[in-house]
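The structure appears right after this line, and notes come after that.
Per-chain numbering from 1; labels A, B, C, D, E and F assigned in written order.
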Amino acid sequence: MLLHLSTWREIEAFLTRSRTIVVPIGSNEQHGPTGLLGTDWMCPQIIAEEAQKDADILIAPTFNIGMAQHHLGFPGTISLRPSTFIAAIGDWVRSLAGHGFEKILFLNGHGGNVASIEAAFSELYAEASFARRPAGFALKLCNWWDLEGVGQLAQEQFPVGHGSHATPSEIAVTQWAYPDAIKSAAYSPRIAPTGPIREARDFRARFPDGRMGSDPDLATPEKGGELVKLAAKGLVQAVNAFSRESTPA
Amino acid sequence: MLLHLSTWREIEAFLTRSRTIVVPIGSNEQHGPTGLLGTDWMCPQIIAEEAQKDADILIAPTFNIGMAQHHLGFPGTISLRPSTFIAAIGDWVRSLAGHGFEKILFLNGHGGNVASIEAAFSELYAEASFARRPAGFALKLCNWWDLEGVGQLAQEQFPVGHGSHATPSEIAVTQWAYPDAIKSAAYSPRIAPTGPIREARDFRARFPDGRMGSDPDLATPEKGGELVKLAAKGLVQAVNAFSRESTPA
Amino acid sequence: MLLHLSTWREIEAFLTRSRTIVVPIGSNEQHGPTGLLGTDWMCPQIIAEEAQKDADILIAPTFNIGMAQHHLGFPGTISLRPSTFIAAIGDWVRSLAGHGFEKILFLNGHGGNVASIEAAFSELYAEASFARRPAGFALKLCNWWDLEGVGQLAQEQFPVGHGSHATPSEIAVTQWAYPDAIKSAAYSPRIAPTGPIREARDFRARFPDGRMGSDPDLATPEKGGELVKLAAKGLVQAVNAFSRESTPA
Amino acid sequence: MLLHLSTWREIEAFLTRSRTIVVPIGSNEQHGPTGLLGTDWMCPQIIAEEAQKDADILIAPTFNIGMAQHHLGFPGTISLRPSTFIAAIGDWVRSLAGHGFEKILFLNGHGGNVASIEAAFSELYAEASFARRPAGFALKLCNWWDLEGVGQLAQEQFPVGHGSHATPSEIAVTQWAYPDAIKSAAYSPRIAPTGPIREARDFRARFPDGRMGSDPDLATPEKGGELVKLAAKGLVQAVNAFSRESTPA
Amino acid sequence: MLLHLSTWREIEAFLTRSRTIVVPIGSNEQHGPTGLLGTDWMCPQIIAEEAQKDADILIAPTFNIGMAQHHLGFPGTISLRPSTFIAAIGDWVRSLAGHGFEKILFLNGHGGNVASIEAAFSELYAEASFARRPAGFALKLCNWWDLEGVGQLAQEQFPVGHGSHATPSEIAVTQWAYPDAIKSAAYSPRIAPTGPIREARDFRARFPDGRMGSDPDLATPEKGGELVKLAAKGLVQAVNAFSRESTPA
Amino acid sequence: MLLHLSTWREIEAFLTRSRTIVVPIGSNEQHGPTGLLGTDWMCPQIIAEEAQKDADILIAPTFNIGMAQHHLGFPGTISLRPSTFIAAIGDWVRSLAGHGFEKILFLNGHGGNVASIEAAFSELYAEASFARRPAGFALKLCNWWDLEGVGQLAQEQFPVGHGSHATPSEIAVTQWAYPDAIKSAAYSPRIAPTGPIREARDFRARFPDGRMGSDPDLATPEKGGELVKLAAKGLVQAVNAFSRESTPA
C-alpha cells in the first residue's frame, strides 16, 4: 500500500491493522559516469514498491535528499547538512507518530546517510528522555543491501569490482526499473580507486569520475531484477519482525 | 530532462546550455475523502514531467514534504515545521547554486507552502546581504494554478465548488496521471465549508472530512489532462521568461 | 489602552474583560528620498494608538524590526532574518499566551513581513500539533491598508502613483503624526519603476532611490489624517470581530 | 538625530561624519504596583532622545523586548529567550555594520539583559574569529544608571529604598517623561524584600507585588528630570569617548 | 565524592542523602607566557576535588571548554560560541535534573564564562516558564575567587600585579597542583597592560603576550596551596548554604 | 605533550613540527553495577596520556560528555543531544583549525558517539562545500578498541562475556589507571542480556543493571595495563599514518 496514492481514511483503516510504516530514504548524488543521480533514493523506492504488491505493508513517500556533502563537487548532487537532515527526519517521525505509528522503518539506500539517520533517531529519543516520558515509538534503520540474503547475492553476482559507490548492484537495480535510462561509458580505470571520504573537493580529486572501487559495467537489468525480488522479500520479513517486536514493560 | 534519471556528466553538459532548473515542490497531506495524500506534490511533478518531454528544461527531484501543520489531525499527513522547511530549501538551493544554477524556479503545488517558501528565499538572500556579497542566484515561486491560463481553465471547468483544498482541479490532475488510484465517496455536504486556517485540531473541527469549500466529485481524468497540458505549456513559458531575465548591473 | 504605559495589575484587570491584544508590527527600512526609516513600524503604531483612544482595546509595544533584507543596501535599514523573526514572534506569543491572551492580532505595516509572520504562526501551531495538544490561542495578521475601507480611500486619494513601496499613503500617515519630520526631495522619475524583489544588491540596482512604483510627492498630512481615522475605526472592528470568533468544539 | 525620523540619505550623510550609533535597549516587564510595563525600554529611549537634542549623535529605534523570563509570572511581561535575544541582536548588528557603523553602543535599561547582551557580543565576535577575519566593529554596553554621575545622584536622591527592581529612580524617569501615566498604590511592606532571581514562579512567590528591595513611592517627576538631564550628558560623553577610541593595529 | 569514579548505584544512594551537585566549569585558553592552557578549568577542578575529600559533596566531571573567543588569537585556545555553550549547559542540566538533582552549583574558573552561563540559566528557566510549569531545579554560579575569604587572601598575597587574566593567584593554584608543569619566562613589561575585551585579533594586538594587568612571576606553589585550602572550605560552605535554601511555596 | 599543561608558546612551537592533534572523546554514563561513570572518557584519556609519554604527539583536553541518551535512565549519566554534540565538536574543530591544525584525530571511547561524531564531521565539511572553499583540515575518528591489535587482545583476554557495554576490557583499563576505585558486585545473570538500543526507559527495562552482554567480573588491572600499552602504541602509529597522509591536489 502506497501512502501517497491513498486517502486519509484508508490510512486510518490501515492503522487498525498495523502500527508499522516503511520510509524509503536515500540521496540524490552523482553515481559515476553511468549511474543515475537518483540511484540512492530510487533503489529503496523500487524495492519498497515491489514489496507492497504482495504484502499488506504501508510505504511512505520517499525521503529523496540525504547527506551527500562529499559528492557536491559533481553537478546534480543535492545534499542536506546533517543538522537539517536530523530536523527533517524529526518532523517526519513526529508527524507519523502523531497518527499512531509505533514502528517506523527507514529503508535506506545510501551509506553516507547512516550516521546522520542514527543521530536523528537519538535526537528524537533524547527529546523524550529529557522530557521524562516514553517516546511511544521505535525507529529502525535497514540498508537495502543488508536485507536477508541480498549482500550474499550481490557478492555472487559481482565477486570482483563491486566497490562501495556507484556499485554494479545499485546500478543494476535502477536498470531493471528504468530500462530506458541505461547509460554507457568507457571506464578508466575499469575498477575505480578506493580511499577515505572527506570533503567535496578532496573527494573529487581522489575519485575523478565519481566511482569508489566499483566496475559499474558489470550491471545488467536482469541482475537488478534478482536483487529487487530478493530485497522485497527481505523487506517484508524485516517489517514483520519489527511489527512483532514487543516493548519491555 | 529529469535530473534523477541523468548522470552528473549530462548535468554538466546541460549547464553549458542553461543555468535554470525547476524544482517541483508540494506537500503530503490529506485531501478529503477521495483525494490522494500525495496530491500536492504529485501535481507539480506530473506537470513538470509533462513539460520536459518537449522542451529542453531540467527538472529536479520533487520536494515532497512541505508545510502542512494544519492537516496533521488527519492520518497520513506529514509536515515540516517552517523552520525545518526553510533549512531544507536552503540546502537544496546551496547545492544547486554550487553547481552553477543561477535561476531556480520552484513549481509549487500547495498554497500552505507559499509563506514558508518565500521566507526561505529571504533567508537565503539575507545570508548574502549580511555577508556583503551578491547571492549569485535568483529564486522564483510559481504555483501551478497560476501558470498562464490555468486558473481561467479551472474556473471554466468548475464554475461552482472549486474551493481551496481538495479541489476538483488538483484531484482531476492526479486522476489523469494515476487512473488506477481514483477513489469515490459520498460527500456531505456536497460543497465543503470555508473558514480560517489555524492549528490542526481547530482545522479538523471546522472541516470534518478535510475539504475546504470544494466539491471533488466534479473531477474527471479528462479535465485533469486538459489542465496538465496547459500547465506544462505555461511552465515552459515561465522557465523561458525567467531564464531570459537579466540581472541589473 | 497602551500596555507599556500600564501596570501589571491593570493588565490583570483587562484580562477579566477581554482576551484579545493588538501587536503593531513593522520594519525599519529605507523609504525612498523622503520617507522616514521608521515608516513601516510607525504607521501601525500611529493607527493602533489612535484606535485605543475611544475603544477598550489593548495595544502591545511595537515590534519595530522586521524582514527587510532587500532594503539592506540602503543605510539605516535594520532587518531580522526570517529565522530570527520567527523565533522572536514565537517568544512574544508564548509570553502573551502565558498571561491568558487567546486572540493575538498583529497589525502589520510592511508587506515584506507577511510571509515570515505567517510562517511564524505555523511554527507556533505546529509546536502544539507535534505535542498533540491544542495551541490555546488564535493568531491573526492584518495589514493596516487592508482594514475596512482603507484600500479604497487610498485608491481615491492616489489614483496614480501609489506604487508598492514608499507609497504616498504610508508617507502621508507619518506626515500627519510627525509634521516636524516632513522631508522633501526632487523625484526622478516622478513615478518610480517596478520589478521583482530579490536580494539587497539587486534591489538597489533596480530601484536606485529606493521607491517602487510610487510618487511620494502626493502625500499630505491631511490625507494621512483621513487614512489614520479610517484605519483606526477598521482596527476596532477587526478586534471586535476576532474577539467574538468562537473556536470549534 | 533619530534614525527612525530620518531618511536613508540623511543616514548616508551622517556616516561621513561619524561611525557611531546608539541603540536604546531594554525590556517590557512588570515594575511593581505602580511602575509602567515599558519602564526598562522607555528609560534609555527617553535619555537617548534627550541627549540627541543638543549633540550630533545618532539614535537607533529602541530594542524594546529583552530577557525578562523571571517576570513572566506577572501579566504584561514579554520576554525573549536568551537564544532568541542573541540572534536578534546579531541581526541588528549585522545590519548596522553593513552600513559602515563601526562603534555600536547599546544603552541598556534592564539589569537582566546584561548577561545575554554580552553573550550576544561574544557570539558576534566569535563569528569573525572562527572565520579568521577582523569583526570590523566594536560593541559596547552601557547601563544608563552607570553613566557618569548618575549612580551617585540616585544614591543622593534615594539613600534608602532604592532597591534593584521597580526602583524609584527608573520610575521617576518615566514620571518625568509621561506625567499623565503616573500611578499610585499602597505599598506593603514599604520596602520590598530582596533575594535571588530564579524562574518565574519562584520569583512571584518571593516578590509578591513584583518589587525587589525598592520603595517606588519616593519617585517624583522632578527627580526623574534631574536624572534624565545628567544621564543625557553622560551618554554624549560616553559616545564621544567610544568614537575616539582607536583600534590597535 | 567524584561522580566519574562512582557507579550509578552509588549516585542513586547519594541522591537519598542530597539533591545537590557541583559542576566545575572553566575554559581552555592561553594564560600568558607561563600560564597553562588548562588553568581555568583545572582551578575549579583542583578546588572541588580538594573539597570533597573531607565533605560529603558530589563533584561532576569538569566542563572544560568555555567561552574564550577573545583568546582565539593564541594557539591552544579552544572556545565554544555562547550559543553552543548555552545548548551544552542545557543538556548537562537536563540530564542531572532528570536524575533528581535540584540544586546545581557551577564552580567557575573563567570570568569570560559568566555572561554565557547566566544566559544559559535563563534559557533553562524560560523553557519552564514558557511551558507554564516549575523548573524543578535551582542553578547557582560561584566563581572560585568569590568564595568566602578567597578574594581577600589573593589581595593580601598579591597587593600589586594581580590583574585580571593570567593572574598570579590562578597560576599559583595550578603550580600547587602540577608542580612538574611550572613554567618560567621573562615578562616585559613586568605588569601587563589593561584594556577592553573585544574580538580575538583586537585582543592579541592590545595584549601581545596574553596577560591582562598581571605579574604571574609572583605566583608560588605555596600561595596556591593556601588558596586551594581556603577555597575548598568556602565551597563546602556554599554547597551547604545552597542545599539548605528552601524554595518559596 | 598535554595541551592543557602547556603554554600557548609551546603549542606555537609544536605547530612548527606537526599539524596533528589528538582529542580524546567519550561519554559519562552508567557502566553497570561496578563500572565507573567516567569509563568511556577516561579510557581514551588514559591511553592518550600513556601514548604521549614516549612520542612527540599532542593531546587536547578530553571531550568528556557525549551522546548517551539511552543511559539517561540511570543516575549519573550526562548526555548531549546529537545536535548539541555536533555544535560543540564544530567549535572545537574551528578553534583548532584556526591555529593551523590540519589533522584532527578523535580517539573515541564510546560506541554510541560514532554516528554523531561522523555527522559532526560531515556538518563541518558541508560548511566548506557550501561556501565553495576547501575545508583546510581532515578529521579522523578512531575507537580505541579498533587500534592496531587491541581488538584481538581483548578477544584473547575475554573470549566469553566481553559484550558491548560495561565490557571487561574497558573496565580493566580503568582498574589499571584507578586501582583505588575498583568496585565489586554480584552479577545476575553472570552475562548480561543483549538487544536493540532505543530510548532511555526502554533501555533500562531491557538491561536492568545497565550491562549489555558483558561479564565485567573478568576484568583485572593487569589485563587493563596490557590493553593500555598496546593501544598507546597503536595510537602513535595511527597519528603518524594520519600525519603522513597527503591531500590530493
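In this section, a contact is a pair of C-beta atoms (placed from the backbone, for glycine too) under 8 Å apart; a residue touches a chain by one contact, two chains touch by 3 or more.
Everything quoted here is computed from the prediction, not taken from an experiment.
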{"item": "Chains in simultaneous contact with chain C and chain D", "value": "B, E"}
{"item": "Relative to chain A, chain with the most remote C-alpha centre", "value": "D"}
{"item": "Equivalent interface to C-D, taken from A-B, D-E or A-C so that over half of the residue contact pairs match", "value": "A-B"}
{"item": "Rounded Å distance between chain E and chain F, as computed from the means of their C-alpha atoms", "value": "25"}
{"item": "Chain centre separation in whole Å, for chain E relative to chain C (CA means)", "value": "47"}
{"item": "Whole-Å gap separating chain A and chain F, where each centre is the average of the chain's CA atoms", "value": "29"}
{"item": "Distance between chain centroids, defined by C-alpha means - chain C, chain F (Å)", "value": "54"}
{"item": "Multi-partner residues of chain F (at least 2 other chains)", "value": "72, 79, 81, 83, 91, 95, 98, 129-130"}
{"item": "Pairwise chain contacts under the document criterion", "value": "A-B, A-C, A-E, A-F, B-C, B-D, B-F, C-D, C-E, D-E, D-F, E-F"}
{"item": "Residue ranges of chain D in contact with chain F within the complex", "value": "129-130, 132"}
{"item": "Sites on chain A touched by chain F in the complex", "value": "67, 69-70, 72-73, 79, 81-83, 86, 112, 114-116, 118-120, 122-123, 125-130, 134-135, 138-139, 196, 198-202, 205-206, 247-249"}
{"item": "Chain D partner contacts - residues on chain C that touch it in the complex", "value": "3-12, 15, 28, 30-38, 41-42, 60-65, 72, 74-81, 83-84, 87-88, 90-92, 95-96, 98-100, 178, 181, 183, 185, 210"}
{"item": "Touching residues on chain E, where the partner in the complex is chain A", "value": "91, 94-95, 98"}
